[in-house]
Every structure is written in C-alpha cells, then in structure tokens.
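In the part that follows, the structures are each spelled out as structure tokens.
Same chain, two partners: chain A is paired with chain B first, then with chain C.
For the complex of A and B:
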C-alpha cells in the first residue's frame, strides 16, 4: 500500500515537473484554435457543422467570395461580365492557378464542380447551382448560364473541388458523400495536413494559394483542437494552451475580459432565437385562439425580451423585432413603431379583452370569445438549446400574467421538427441563422413549406407573391423593396415573438496574435465567419506583414506545465499559477522524503506488533 | 450458452431501444439545406429508412451476424472502423484506472479489515467511500481545476500536446502527463468498491477457525494475514476485478468528456446527438458483449480458484 502511494506520488511529481523541452519552434508559427464542436465528416458534400465549414472555406476557393462588408469580390475569378439579358456570366480565372498538389486549376474544374453538383444535388452546392450550367470556353474562361433570372449572380460562392480527385468518387449523389476527403488537395490558403477525430484537425499553409504571392503566411499551421466541455476550453485559453477559443459561454466573459492578455469578441452573424408560434394554417390540432393574429400580437407584447437578453445572455444578445433575411443587414427593414411589440403586459391584456377573450369563470385563465375552451397552450422546450428550459419557465410566467395557461413539454430539436410539421403544439423555442442571399431565409415562411421548413404553420398569399417576385428580380433596388415588404408582412403576423439576435462569443490571446478581422465588419465574429477572411491576415504580435521566426528575447522559455501553444515568438508563456519548476522540484523532494520517513517508521512499528 | 442467449437478446433490444423515441435521423443530416424530395428519398433508401421497421430489423439482424455494423449516419464511414479507431484510447485510460483502483483499493481493504475499528480502518473506509459516492465527472472537474488550471501542472485535457512535435521518450512522457488526471479520477472513484469488498470478506475470514489455529501455531501476524487469511478473502475481489474488466470498453462518457479524451465514451456522447443509430447500436453491442464475456470469464475463474464452487 505505502509503496504504491510512494510510487504514485513520485510518478505524479515527475510527470508534473519533467516537462519535455519544447521543440516546437523550428521557425514555424502555429495557431491553436479550441472549439467544443466535433467533426462528423470532412466531406463538403455530406457535412453541415460549423467546424466542418471552417475547414472547407480554408481548403477550397470559389469563383467569388465576400469581403468584410459582404460585397462580392474576386476569388478564383479575377473578373466577370454579364450578357445583355443578365442570364449568362463569363468569368475569367486568375493566371497561373494551381491546386496545392501542383496540378493546374482550370475552367474545367469550375465547370465540373458546378455541373456535377447540380446534377447530383450535393447538399451544400445545390441551393446555388440547381439552375446553373457551366461551359468551358478556354483554360481560363468559364461561362455560367442560369435557366431562370438569378439576382445572386455574379456571386457564385460554391467551393470549387479538384476534378482530378473528385471525379472518380463522385459517381452519383450518394456515393460522393462516402468519400473521407483526407487528401488535403485544395486551392485555398490552408489545406488539411492531419485529422484525428475528436481531437485535432491540422491545416498547413498552401504555398500555391494565389493570395500568398509576394508575401509569407503569418501562420504556418492552424490546429483546431476539440474540447469535451466549455469550461476546459476557457481554462485552456487562460493558461495559454490554446490561442483562440470559439463559442465561449456568456458566463465566462467577465473573467476573460479581466485578463489583459485576452481579447473578447462578441460577434453577430444575424442569427437569432425566437419563440415560434403555430398560426394554424397547417395540419394538427392547434388551439383555435392561436389562429387569431390578435392573440399572437398580445403574446408578443407579454414577452419580456429584454429580460432574456439580460438574464440569459448576460447582456450580450440584442432584442430584435423582425427576422433578418440575410447576414447582410441592408435586407432587414426598419420596423415601424406600430409593429414593434415591445414588452407591455397591460397592452397585451387590453388586446385580449377587446378581442373578446375573457375569463368568464374566474379561474384566472381566459376562454374563447363567448365562453368556450380555456386558453391552455402547449409550449415545447427545445432541449438542444442552452436557453430552452429557462425561456420555457419564464414564458409560463409571462403568459400567466395575461391569463394564458402554458404547459411545458421537453423535446430535442429533431422531435420538435416532427411536432411542428404535425402541428400539434402552440409555441416552442428555436432559432435560425440566415445565409447571404435573402431567398433561402424567406422561403421558410411560404405556404409550400408547411409540413417541411415552415416552422410556424403560417401562410400568406401576399407574402408568397413577394417572395416569388424577389427571387427573380435582377434590379437590386426593386428587390430590396420587395424583401423589406415581405419581411414586414411576416412581422405583422407575429409568428415569431421574443426574438433576440444571439452572438457568437469568441476570445483570443491578444498578447500573441493580431490581424483578426470581423465579418460583417461592423459586429461580426473574427473566426467561423462567412468567408474566413481573418486567416490570411493573422500574424504573431509585432510581425509586420509576415511572420518573424526569430524574435528578441528567450523564445524557448517554458515554465511549468505547458508544452503547447509555444507559438508566438517572443511571447514567453504564462505559467499556470506562477509556480516555477524549481518550486515544484523542491516540493517534490520534501514530499518524497516525508513519505519515506513515514513508511520506514510504520514498517518498524509493524515488526513490533 | 446463457451468455450467447444474453448477447442475442442485447442485439435485438439495441435495435428497438434507439427507435422508441420518434426522431428522424435524416432531418438531422439535412438540417437547413434545400434538398429536393427526390434526393431525400434516395438518402432515406440508402440508409434503409424508407423500409418498414420490421424489414429494417431483419436487415439489421442479418448484417450484424455477418459482422457488418453498418455505415455511420454522421461520418458516412463503416461503424466498425470508427469504433476500432477509438478502442486504444479507451482501453488505455480505463485499463490503467482499473489496475490502480483494484490494487490500491484492495490494499486499503486489507489494512482496514485487518485493523478493524482502528483509526486506520475509519480513515480508509470513510475516504474511499466518500470518493466512491461523489460523481466521477465532478471529481474530474475538481482535479482538472486544481491541478491544471490553478497549479498548471498538467495539461487541460486531450491525449497529447498539440503544436509540438515530440518523439520517442518525450512523446511517451507527454502522453503520460495527459493520461494522469483522467486515470487518477477514475481510479479514485472506483477504489471504494474494492476496499469495501476486500474489507468485509477479510473480516468474515478472520472469524474462521483455521485462522485461530494459525495464530495458535505462533505464526507472526503478517504471515497469518498474507498466507492464511488473504488467499480465501481475495476470492470475491478477483471476481469483482474480472467483472469490472468487462466495463473497460464501455469507456467513461462523463470523464472522457471532462478531459476531452477521444475514446469510446466521447464517441457515444457524439453519436447520441443526431442520433447516429448505427453507431449507437455498434457501440452498445460492443459494450454488452464485453460485459457478458467478462462475466463468463469471472465465473470460470472463480471455479478454477475455488474448488468448493465446482463441487457444489
């Protein structure tokens, strides 16, 4: 027993102190990005997680991309011109493009990706390429024709895959999803080097990327490291084990902001969370009161959205009063005062009184006009949402204040999706993140999507007409007008209430790194944003333009504990709690000696017994 | 024979267990994507989700007996490959913890039992029972906070340092540093079981006549303990250890998550989000099979070690 204890103690102390000498530098800079999401697949025709998108936008370029202001800018294509009817666009590729394996990147790769993805309906490409046909004119010229007027053009943001790698595996739309995609051949700034599922994904700078011409990458390697829980992620950032933490919990903000070496980013990408309603235009057995817009508006007035912002989001979220059709906020209309359903329970009660929903039997719950079913609603708590349970509890109280009784039911988001399609609910909580073009967000609320993506069972002919019109409207000013109008119709329907725009909270070691860019420029996140615009710009602090591999001072400083994140030259790491190896060594000696004394004493005692 | 039947039951049970909750895996796979009904139907067909549940079941049974656990909904790779990839990490962590828990726990039990009702007994019994009672993930978080965050002695999770290239002995040391805290957590958490079984078994043996005889012969206390009492007292401990070995593959879902340890436990946690039916079925089949197998081994071992069992 005692020998075991001694052995363990010595082992522990040896492990804690005998830190291998870091051999990290070797003139390379490494950025370690911690995240809590895993990777399910690295195949861009199969996956959809945020962690996976980040790898794809680093490894693959598109014809066009988007800058910090979300404007369409050249990527693989350096220029483009439209035909007179606006249906055909001709793109000229940059000169001398090559894949990371040295194979030339030509119009052939572009046309193959666009045509094959349309034909095989690859799930991340199809939304853009469904109506497109690409034709190779010459090695550097590709012509893209849309079967219908497409206001998104010339923006074609789909990732172009290397034909020489993908043609053999893309035999059909199903087969292509089985490819593991570990080849690391791409055209973007970084390509895959190594993948360890549930642990790390390492990407190295692609020397053939067009953007590196005339300059050196500020970061040679980017390592994405998965953590099993958020607390460990935050702790690793503070200790310097990682350089960047994606998805920091709101509760950690104050703590991180107090650290002068850490910069906290509260980034918005127009995504929001809402309490969704059932307007009753679909199947199911919705409470008849829900089909009355007055009731939904009254409920909207009764929800204290600001309390959600302050109490659940630590003040980082924002109350909003309509959906955002796009990441680009110019598509979100100004909401007139009469459609802003700000917290006002008195007004909510007044609306219900006037509409005839009165509590005739005095049990505190209103009944249908003329006395009938009491207003008893089912609210589904989405268990995949961190805030779901808390919002549910608050919602019960807010509704109680206006004479509506709410019963809570907990379901995960897949089950909730089924319940919404069946129409067997009154309210629930969930959220959306829009894409760049407003059409896909707006399409959620059309009549045809009831039973599928329409998660409020609401249907309006006027809205549908505007949606169809804007989808093919090539004049931008007219389209903007149509999208604004459609959004206002939806807002008036009060199908989404208690809406908050929610942030992606990120944090990084500002003592080591600089050059992070927000996208959208005003308030977006710096990584895991739309086009990954930060990566080519990130560099160690003080390394102007390119990385310096040697820096003044001691670059091999390794205080206790930590062998990772030895990445920023000239930035000696913080030691965990200011305990130096010498102190630990001394402590170890004392403890071992003490144990030895005790052991020998007990031994002699045993003999005597 | 009994073991084989149990396994068959598990195979069938697993299939229905994950389908009790109505949930559409395809909805998860396609979330937020605009995909034509035709492609959705093709995908459904590819994963057999368009068939009635009985057909799916027959197909599942047939393929399972052929050793084909199916394709993971998440990674689109064979489930067996996904599982095999994770086995070493879990066996390493759980194996080391199992060994330390058994050795230290038993040693503690011997001291506590032999010196019954002394301060040693009370100290050992109360401390191991306390550790046994606290949730293992909570213990893990405490150890992680103290040793990694506050003291900075150990890394915050993972299996090896990232961003550095270590080789040979250095890589091994680095690996041990990552293993230490999760293994310590699990060892501490499961020591109590061994301590209590050893202690009570030893106390029982101590009242036997043959021990009185041994003492009467004038044998030293230590000899009586090690050569007369322990061989009999440790029988239930051996069984316990063999049984627990069966749980080595099941991983430790919570502790692996706390320490970001990429084993089968974490794979289970990831597969539950989704849900990834084939992966969950494969994992649970493996877990059950290993428990059943080690139960069998424990039975056989007991027969071999204790002739009385065979006779009866």
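For the complex of A and C:
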C-alpha cells in the first residue's frame, strides 16, 4: 500500500513538472531565468533581496527611471519642471496610462504612494520620500515638494503602487508589510502570473504597459526558477533547460566561454567586497591596537589584493582603493598615491616597528608598545559569502607575515551583523553595492550609524560634516567635491582593506536570445541591474524585435506604431525549444519513479525471503 | 590432536586477550580491515613528518608559485586545489583529523552511553525509567538538525565537532548497553556476589562491565565510521573547523569551488576514497569483533 502511495506522489510530482508546458500556449515565447537566490516576500514595502527587486521593477513603473548611462529619463512622467527655489517639481504624466487590470493610472496613485510611504515609513520608499509631499493638481499633473534641498530631484525612482489595491492593506507601516502582493496588478512591462515559493516566479507581459505601444513584446512570459547551487545552474544552462543563468561561479567561465551557444557577461555595478576592520569608536572589547590607524594601514599594506582577484575571482574582479559611493563612477575620487595601500609586507612591518609594536618575547607575534598584549585578532568568516572561507585562510597567512596572529570564527551574515553591532571583533569579510545617489552609501560611515549600519565602528567629525553638507547641496560640482573629500577621509582611515570591485557573472543562450542591454552601458550586468532595461528588448534570435538601443522610458527614440506595428511574435519553434526540456524532465521523473517502484518491490521481496 | 585442543581450552597462561586475538586472526575480513586501519594509523601518525602544515596556507602556496587547479600530472602526486595548495598534503593531514575526530567522538559516545546504560540497567526502577526517558528524548530529535544547531551555538572548532557528535549519538549506545546489562544482571554469579556482600560498585566493575566489554568494543569499532561520516557531513555543511583540513572539509571546498564542473577529480576523489576505505575498514573490524563477542551472529551470515 505504501508503495502505491509513493508511486502516486512521485507521479504527481512528475506531472507537476509538466504543468508549465500545459500553461504555455502555442506560439508564446518563454524566457527561463535561473537564479540561486530565494524570494522571501514579493512585497516592495518589506523585501530587499535582488531577486525581489527584479520582480518589482518589472511590475511597477516610477515617475522617472534611468537609462543605460544612468541618466534620469521619463517613466510614468513624460516631463517635469522645477520651481525657482528648486524645492518643488511639477510632473506631467503620460497620456492614457492604465494599470494592467484596466483601471486608469492617475496623479492620485502617484501622490498616494509618495505621501503614504513617507507617513508610514515603508522601508524601500522612505529613504527617498521622507521629506517629500505630493499634491494632485489634475489627473495627469502631480506636484512634489521637498522640505529640504534635495539634490536627487527630479529623479524620483520610487515604485508607484496601485492605490485601489494597496490603500485597503496599507492601514499602517507594519500592516502593509504583511500583504503577500500576489494580485499581479502593475504598470510595468511584466506582471506577476504565478508564484511558487522557493521554486518559480512567472511573469507575463502586461498589454497595458505604455512602452509596448506600437510593438509586440519579444518575450511573452518570463519564468524565474530557483536553483540550489551555482553548479546546478551552470549545468542547466549548458543543457538548455534554462535560457539565462543569473549567477555563474568564476571557476566556470572558461568552460562556458568555450560553448559557442553561450554568451558570458561579466557585469559591474560598482559593488565591492572588503575586509572590514573595527576602528574601535563604538562599544565592545576590540583589541586596543585596532584603534591605531597605523596598525590598520599596515594591515592594508599586508593584504595581497591581487591574490583575491586572480585566485578567487579568476581575474574578473578589480582591485580598488576606496569605496564607490554610487553606481555612477563620477562620485568615486581619484586616489592619491600615498593612500593606495598596495601589497608591500616589508612596508607593513616597517610601519608596525616604527609605531612600537615589537615582538619582544620572540614567539613570532608582536605585542602592544611597551610589551603588553600580543596582537591576536579575531577574523569573522562570513559563511554567506562564497569567498569567505578562502579569504579567511589567505588573511591568516598575510597577517602571519607581519607578526599578527589571526583566529578564524565562522558566522553567517545575521550573526556577523550582531557581532559588528556589539563591536566584539577585529576583522571580517563582507561587501556593499551602492545605490545611484551617493548619500545612502556615505551614510553608512557616519557616527550615528555606529551600532547599526556602520560596520567598522569608525567615527570622524570631519566626515560627518561633509556628509551633511553634500546631502542638501544642489550645485552638482560642489557636491561632487564634497563627496570626493568625504571618500578620501574614509580611505585614509584604512577601515576597509583588501577591497575588490566584484562582478556579477551571468550567462545566457545566445543561440536562442538577443537584445540584452548592459546597465551601466560600459560594463554593467544585463539582468538584475538597476532599472531592468533589458527586458522590453529581449527577443528570440532572428525575430524582428523592438528598439535595440533604447531604454524603456526613452520615449524620444522609441519607434512609432506605424513602423513596427506588425512585429512578429516569437516563432513557435523557439518557444518549443524552451518547452521540450520540461517534457524531457517530466518523462525522466516518470522513468525514475518507475525504477524506484521496481527497486522497492525487489527490495521488499528480498526482505520477505 | 588431543594435545592441541587441550592447550587451546585450558592451558594456564593463555590470557583471554590471547584467545580473542587468535579468533580474530582467523577472520579474513577482520585482518584486511585491521591492515587498512594500521596503514592509515601510521599515515596519520607520521603526517607531521611528511607534510609541513605551512602548506595549508594559500599565501605560502602562492609564494611558492604553485599552479592553480593543476592536475596530478602537472603537480605530483595529487595536483593542487583552487588556492594552489597541494591536494596530497591535505589528504595526508585529513587522515589525521578524520581519525582523531572519529575516535574521540566515539570515546565520548562510549563514555556517556556506557555510564547511562549500565546505571539504568543495573539500578532499574525509577532511575531506569528516568534515564531511559531522557535517552528517548534525545533519540526522537533527528541527528542533523540537532547537530547543526549545537555546532552553530558552540562555534566551529574540532573540539566542538567531537562534542556535538558525542552528545548526539550516545542514546543508541545507552540503550544497547542497558539491554545487555539487564541479561547479565540475571546471571547466577551476580546473585552470588551480591549474597556474599559485594557492593554495587564492585559488582559493576568486576562482573557487569567485563561481561559487556566485548559488546562495547565491537560497537565502539562500528561507531567510529559513523562518527567519521558525521564529521564529514558537518564539515561538508560548512560547520567544521575552518583552519583544519579534514576530508569532509576537502569535499566541501571542492564542491563549493566548482571542482565538479571543472572536472577537477583529483581534488575530491582522494578524500572520498579515504573516507570510504577507512569507514569500510572499521566496519570490517567491528563486524569481526561483534561475531567473536556474540558467536551466534557469525553462523547466520
């Protein structure tokens, strides 16, 4: 009896894998994107993962968006003008906007989202909308006033939510985070069709998206499928089971590049990984040597960043010498030679000798000046980082070479966050990806963030003053100067060492799809980038697609209806290519089930004998 | 003929251990297992002589100019890993760590299991019920979640791995010993000792323990491979000591760094075979010991 149940449940599983095939209609094109990150929530007021962000930017438009060069371009708003004092901006919405369910999208939706998110402090909106007030002028006009000078305006990239869906659930700031957001009503190019937690997230083209005006979507359906690890993801891409792999390990690049059907994208978004230190300006029992900037600078000289670039990232990462305050590299200053702590263990030893940290008892470990405590540091290995373990082992070796003893402690990101807030560590490995406006990245290192986001327990009044000044500086040249200065002060503190700018390594089936766009244009990733500019442009190879070089919001260069009104949808063959692996998978599951039944029967017969 | 059989059964001076060894020597599987174990034991003991632990530092490996991901043909005898370190050095050192953890964790299991089992079985009554309920409580908690939780609470070190395996696996041992003690307790010589005024401690030491020791030894030997596999599992899940190259950790690093997709078989095959061989050898020896301790087993197999 139990065998029958097992068989039936395996059969049900096998059939379940066939369902996507059944739901994909003849002639529709489906793009399958494999990723290793899970979804925790689909609610944009509660989540923060990249996998979730991708779903939101597909489903919701904002007033403005950013093109491949990160410039502010129209999204829901088609134009805007500023008041003389620069505090008030008036936006005019596109004509005839509707939500995917047919409800008109008006200035009312925009004003409600901005005002409610400011009032209820929604986690992803609040950072932008905190000081903003929106007023409806008429159906297509909304006026936004900032209480303080805000250099980010007119760029208001917060996602506008449908008031008629969200008003009943957004009763207060906590209640709104519980909404599951499975309604699939949006204003972006794709909206949610089906969500299976930890398995798949399916989005279908939104016929009411303003950008489809006059053309057909190159992809009718996008399925995001979760994988347990990167190796499985790479294998699925090579076999053609998926069309796009969102995270490929550096070790697989050579192998994938050898495949003529696969295109590998090494994309940078200014994100980096660092060995963070504890400068000791917070609470906690940090080793006293760490509070000395000489020690931190010596450690920076002792770290062979090229080893991280070459051996851990297979040459794809880049050594950097300061943080990137923004995705836009204009905000990253040139680093003067004396602040570039290039690998030089001899110099590191010299700095420590001169500062009085000598090995007086001859055990190979330096002591505090005057023969106090030995320099024994705790390094936390972040187990959520693929490189964490290797960086830890390398770090032990680098510090050993300059007479510092390092003990490794393995913790996951949550535990590490707690340890950093307590200040009970000397070093750790982690990373950041900055936003577009430099303020949010710079805010991490202000004194008020110690015990919270400040992950180096470092505090400088000079830095704080520059941070506060740039935040309300409307003259861009002045602000650029202030941001550069603040970044250099942080660099001199040597609180982040061994920094590498790390890529997102992606790969896709170039034999099936084309039209992917990098963002930033020079070297960015093609999916999971800032504004999702690729999606409206992706199409099956050979199909006449939409514009090849424009961002979704860039109305000025979008083709008009009369030229591309007859754009063909994807060929049935191409959609078949995406479907057949699922059929094979289903059949394979049935075969496995059958074998399992035979084996279990044989086994029980053996037992009876 | 007669002379030989007399010597074997009754000659003075032939100790119990001697007869045990003679029986063991007759088993081919036992001897093969033992030979393998002795070989790995020697490897583990001389590991510091043939391998310099400095080689485990990726910084040293880079300074030495070792190639990355080199197959055995380029970097004999076993190639290098993703951090340019010698796989052979890790394999040799891994035998030391895996055997140490396997034996030490089994010792912890044995000590707790035997103490609980003997006391519960010998005393009986309410104490027995109490100890057995605790044992059952531990038994119903699945091993892996408990071990993972304990390992993350205690922190990641070799000592804690040993403790975690010991603390999660003693209940089986306790139940086994208890059932054996219950039968031994009913024997006449125990009653006789008690009627002669022997104290509980004396009876346990001189009558109970010697009679369950064969079983303890056999099960201990069978428990070592389980401990080694547990260590492998925990290390593979990233809960091992980050600075100590055990076979489980080698497998974990090979897996995490894409050795499978690169077809870098030399990285994970030695550690995998090492685990397989040692586990098999312990099982062979353990089975043989079990058959000697309980001769009924041998005939049925």
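By definition in this document, the second predicted complex is superposed on the first by the 520 of 609 C-alpha atoms of A that agree within 3 Å, B and C clash if a C-alpha of one lies under 4 Å from a C-alpha of the other, contacts with A are read in each partner's own complex, and residues count from 1 in each chain.
Rule of thumb we're sticking to: a contact is a pair of C-beta atoms (placed from the backbone, for glycine too) under 8 Å apart; a residue touches a chain by one contact, two chains touch by 3 or more.
Please read these numbers as outputs of a predicted model, since none were measured by experiment.
**Q** After lining up the shared chain so the two structures overlap, which partner does A:235 touch, if you call chain B first and chain C second: first, second, both or neither?
**A** Both: A:235 reaches chain B and chain C.
**Q** Is A:199 touching the first partner chain B, the second partner chain C, both, or neither of them?
**A** first
**Q** Output check: A:249 vs chain B and chain C. Expected answer is one of first, second, both, neither. What do you get?
**A** Second partner only.
**Q** Pick one for A:127: touches chain B only (first), chain C only (second), both, or neither.
**A** first
**Q** After the superposition on A, what does A:79 contact: first (chain B), second (chain C), both or neither?
**A** Once the two structures are laid over each other on A, A:79 reaches no partner at all.
**Q** Could you tell me if A:443 is touching chain B, chain C, both of them or neither one (first, second, both, neither)?
**A** first
**Q** Touching A:171 in the superposition: chain B (first), chain C (second), both, neither?
**A** Touch partners of A:171: none, neither chain B nor chain C.
**Q** Quick check on my understanding: which residues of chain A belong to both its chain B contact set and its chain C contact set?
**A** The overlap between the chain B and chain C interfaces on chain A comprises residues 231, 235, 415.
**Q** For chain A, which residues count as touching chain C in their complex?
**A** 230-231, 234-235, 249, 251-252, 255, 304, 307, 311-312, 381, 383, 386, 389-390, 392-394, 396-398, 400-401, 408-410, 415
**Q** Show me the residue ranges of chain A that touch chain B in the complex, using the header's touch definition.
**A** Touching chain B: residues 1, 4-5, 8, 11-12, 15-16, 18-24, 26, 30, 32, 38, 40-41, 43, 46, 48, 121, 123-124, 126-127, 173-174, 177-178, 180, 196-200, 202, 221, 223, 225-229, 231-232, 235-236, 238-239, 241, 412, 414-415, 417-418, 440, 443, 560-567, 575-577, 579, 584, 606, 609 of chain A.
**Q** Which residues of chain B touch chain A in their complex?
**A** 21-25, 27-36, 38-39, 42-43, 46, 71, 74-77, 82, 85-86, 100, 103-104, 107-108, 110-111, 141, 144-145, 147-159, 161-166, 170-171, 173-174, 176-177, 180, 184, 221-222, 256-262, 266-267, 269-270, 275
**Q** Show which residues of chain C lie in contact with chain A when the two form their complex.
**A** 56-60, 62, 68-69, 82-84, 152, 155-156, 238-239, 242-243, 253, 255-258, 260-262
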